[in-house]
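Chain naming follows the written order as A, B, C and D, and within any one chain the residues start at number 1.
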Amino acid sequence: MFRKVLVAKRGELALRIVCACRELGISSAVAHSQPDAESLAVRLADEAVCIGPAASARSYLSVSAMVTAATMVGADALHPGYGFLSESVSLADACRAAGVVFIGPPPEVLRLLGDKARAREVMREAGLPVLPGTDSFDDPTEGARLARAVGVPLLVKATSGGGGRGLRVVRSMAALGHALETARGEALAAFGDPRLYLERYVDGPRHIEFQILADDTRAIHLGERECTLQRRHQKLLEESPAVGVSEALRGRLGGLVTTAALAAGYRNAGTFEFLVDQSGEPFFIEANARIQVEHPVTEMVTGVDLVKEQIRLAAGQGLSLQQADVHCQGHAIECRINAEQAHTGRPAPGMIRTFIAPGGPGVRVDSHAHAGCMAWPHYDALVAKVIAHGQDRAEAIARMRRALEMLVVEGIETTVPLHLSVLRDSDFLAGRFTTAFLERFCSV
Amino acid sequence: MDTDDIDHMVALMERHGLVELEWERDGTRVRLRKPEGAAGTRARAADSGQAQPERILVHAPILGTFYRATGPEGPPCVSVGDRVKRGDVLCIIEAMKLMNEIKAEVDGEILEVFVESGAPVQFGARLFAIRTQPAA
Amino acid sequence: MFRKVLVAKRGELALRIVCACRELGISSAVAHSQPDAESLAVRLADEAVCIGPAASARSYLSVSAMVTAATMVGADALHPGYGFLSESVSLADACRAAGVVFIGPPPEVLRLLGDKARAREVMREAGLPVLPGTDSFDDPTEGARLARAVGVPLLVKATSGGGGRGLRVVRSMAALGHALETARGEALAAFGDPRLYLERYVDGPRHIEFQILADDTRAIHLGERECTLQRRHQKLLEESPAVGVSEALRGRLGGLVTTAALAAGYRNAGTFEFLVDQSGEPFFIEANARIQVEHPVTEMVTGVDLVKEQIRLAAGQGLSLQQADVHCQGHAIECRINAEQAHTGRPAPGMIRTFIAPGGPGVRVDSHAHAGCMAWPHYDALVAKVIAHGQDRAEAIARMRRALEMLVVEGIETTVPLHLSVLRDSDFLAGRFTTAFLERFCSV
Amino acid sequence: MDTDDIDHMVALMERHGLVELEWERDGTRVRLRKPEGAAGTRARAADSGQAQPERILVHAPILGTFYRATGPEGPPCVSVGDRVKRGDVLCIIEAMKLMNEIKAEVDGEILEVFVESGAPVQFGARLFAIRTQPAA
């Protein structure tokens, strides 16, 4: 097992990784930017190292800074969290060169999955249902040509994309040119890679994803998560199990994703995302080679500690459980509490004057917030993740409602009022929603 | 109302031999007065005169390993007492085998070197103190 | 179902009851003393009513104030929590007279179980193994006479006792007189009832207790809790399942307690306490007719919300589950975080400057504490309950350790350092301990 | 403005030997001045003359239902303008069918009655304001 892990991540997930390290008896060192020097993760980790200024490009997105920090503190492994460099081939390569274990899949897999268009092709060959689409292209003119075969409505997506950036829905060929141009600019700015690809657009879909774990010889899945509730392609509320997934569909897709993962040489934890169209047909869209923000809902229903599993797998230990050991108990929901105006989504950074997390049965709060801390404007708006588990969906919803009603955050605006509206909505309660659902609660 | 503030102001009055102090900011106004006879008991001469040389700190602009010399066998780029000009190389910080030259941003004299050659430095660590030498 | 519940309890359990009410769609009104006017429970409940001054005798221990408060706010039920009036026959009687449902067993059962000596007799008749002992007596001379039949070592216990008050170990007949006098004084002061009884003293026992739930026709048990780690008869760390209880013993005792509970006309939630001697023989000592401080460990392993069950049962709904539905998953541990000097147990009330609760998987924190709140000297020292759940005891311990290491409490001293010492002790890790175990960590 | 603040400021003046202190914030302005000779001597404003009548509040010593009369048909025990003596019954608070007489603890005149007869009162609720009538 590792002796020391560099935590190459900030916020609630940095704390989450520190938790896992401590439970495994591993020392943790948090790499942090200057404004994060006072953060809870820095305070509670065994060690901390300041790697750069507020700007992510010179701190959390700097491969050189991360690898130097890992070497400097004598870490034998690095956990990249999600976002930032979590799926960076350069970081995985640099770690390998420096003799530091990158806690995630090998660089080859990151390279494959990072090219969303190629990944889709590989997964199609491995037996997953995929949407009609194109290869990657750099030149918008080439994109316009390829678009004719796909037809509208279509989706313009960034080859190295994620988090909704570089993503455009195109409903008429007339709008295609502008969409290609803006998506290209966004992709270049966000990922340093201007390449795009096109995909058939599914109207009114649900968004589900399967959690997998893989060692050198086996892959298992831990059921799916429903991530349909999104605002501008940012997930806001996730649950497990998904409302619309039958036991039969779960078994079929679970089997397909584990087979595909093995075929692609996948290792460690990962997520396979699907759109489910209105007839219930699932289509693979992408695989995420990292721990996800919403991993706690899977932890709550399965009892499996995904971050500890990631570390164990990276250390060369085989999977600690078989597919038959995975039992999903009850229902879990996660609400992302962002420093945002609830109904517009406008960022609302500032000083958190009061932060009192709810307790009681079936409630988990993953957060780096506390009274007197800052929600910085430099980084994403996530302040806390509240996760509620119940014996069934109704209990989980009731529990989440009371947890949010009893969460005290003062000093900044948050998404709590939006979540409470959703949790009382009759369509949500009945499980009737698509990715467009949140629009009715949001004004821009 | 903060006691510390008042204590502080009275200390100021004493240091400067004042009998009255009035202070106003952001809608807060304070006025303190001592009996006339009390003046001068602790008065200190105020410094006056021209711009002074300033002590400034050079911080590490990246994290990495600090080297005082540009090569393994070379002499230190700078030592205490050396005069430097803006743009002179002060040291090297190595990160991932890249040697980053850290340059002076002011003219001045090296007062202090805070880090041993070969030591790791975090972003923002203090490297040198320089006494500026204004052109004037 | 009830419309409104009066919460006749303060602190973390008041919040816990508010949680349960909200999940059931019931309005909650917290009855509070003057210093508790700013408490979190008051802030987060739907309503609050100030019932008296700091002194418990005129607030939390006043039957008249509680029933008046219930009537005043229009509550149709009252939850008494633990401690204070939770097992008060007068309160249960007064509630009945006022048409307010007392959430707990009927007054007749409280009366029976409140008389510890009689309860022991009834339970012996119902088939539970009990220790040799005496009936209640008021007169110390009578006690001295009865003691001869029991022999030393023996235990002097308060008939209406609880929480270690009015309890004395007597190892020689010469010490008996003094013990009877002081126990009598303490019992009178604490419970308004000077009566005592005697019981054979078991040297080096373990302390376990079974959680039961009963409706009008059925009783089930939810496994046991290990409560052996005590300081001056105050539990400090509890776990479930108990280390020394085999599946066979669990089944046998579980069957016996449910039978005995039905025989005694027990209703609602309750706890049957046993001493297990060094040969593994269990002896019933008393039944507690209330929710216990340590109920969360049972909730963590069974997934059953005990406080919601209490409310449902009191509302006349039958048990929501069968014995066969109860599955204990993994292992849970609770550490009581008290405002006390860790190793002496001396109370350390004061202002809590910082309070940051740990999150992450398998950790629950039930607390009314937050930055800027007071740990009052008027009431018990409990500031927070940290509960950790893992797939086995080793994971639960590792998780508890990291949870306590990542709990930030500033401004007061707490029992955290004591717990951390225990959680690293090789005898504790091996499950080798008796009720005397904590002595080695404590100095007075 | 809070009396405590003034006490506090006077303590500050004494500590620092001030004869004048003026303080203003958020529309509140305070100016304190001592006689010049008083500086540092700890002189205190002498009580001028005798004790003044004081407005005191009577709070509910228990929670329950407030009744102004001792019986259902009776007149109020006290009304605004009434003179009361220490020990006079001011009202009844009923809790669990027990009628608790709430008595005056000072001599004085009823200035205000804050609660309607028949209304529930929490512990500590304001019931009456009384202007004290010192025996002197």
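The rule we apply is simple: contacts are C-beta pairs under 8 Å (C-beta built on N, C-alpha and C of every residue); 3 or more make two chains touch, one makes a residue touch a chain.
Values in this document were obtained by computation on a predicted structure and should not be read as measured data.
Trainee: Can you check how far apart chain A and chain D are, centre to centre, with Cα atoms defining each centre and the answer in Å?
Mentor: 61
Trainee: Rounded to a whole Å, what is the gap between the Cα centroids of chain C and chain D?
Mentor: Here the centre of chain D sits 43 Å away from the centre of chain C.
Trainee: Measuring centre to centre with CA averages, how many angstrom lie between chain B and chain D?
Mentor: 56
Trainee: Which of line, ring, star, complete or other matches the graph of chains that touch?
Mentor: Ring.
Trainee: Which two-chain combinations qualify as touching?
Mentor: Between chains, contact exists in these pairs: A-B, A-C, B-D, C-D.
Trainee: Show me the residue ranges of chain D that touch chain B in the complex, using the header's touch definition.
Mentor: 5, 8-9, 12, 16-27, 29, 31, 36, 39-40
Trainee: Spell out the part of chain C that touches chain A in their complex, as residue ranges.
Mentor: Touching chain A from chain C are residues 12, 15-16, 18-20, 22-25, 40, 43-44, 296, 299-300, 303, 305, 329-330, 354, 356-367, 370-372, 391, 395, 398-399, 401-402, 405-406, 408.
Trainee: Would you mind writing out the residues of chain C in touch with chain D in their complex?
Mentor: For chain C paired with chain D, touching residues are 33-34, 49-53, 58-59, 63-65, 67-69, 72, 94, 98.
Trainee: Contact residues on chain D for chain C in the complex?
Mentor: That would be residues 62-65, 95-96, 98, 120, 122-125 of chain D.
Trainee: So in the complex, which bits of chain B are touching chain D?
Mentor: 1, 3, 6-7, 10, 20, 22, 24, 27-36, 38
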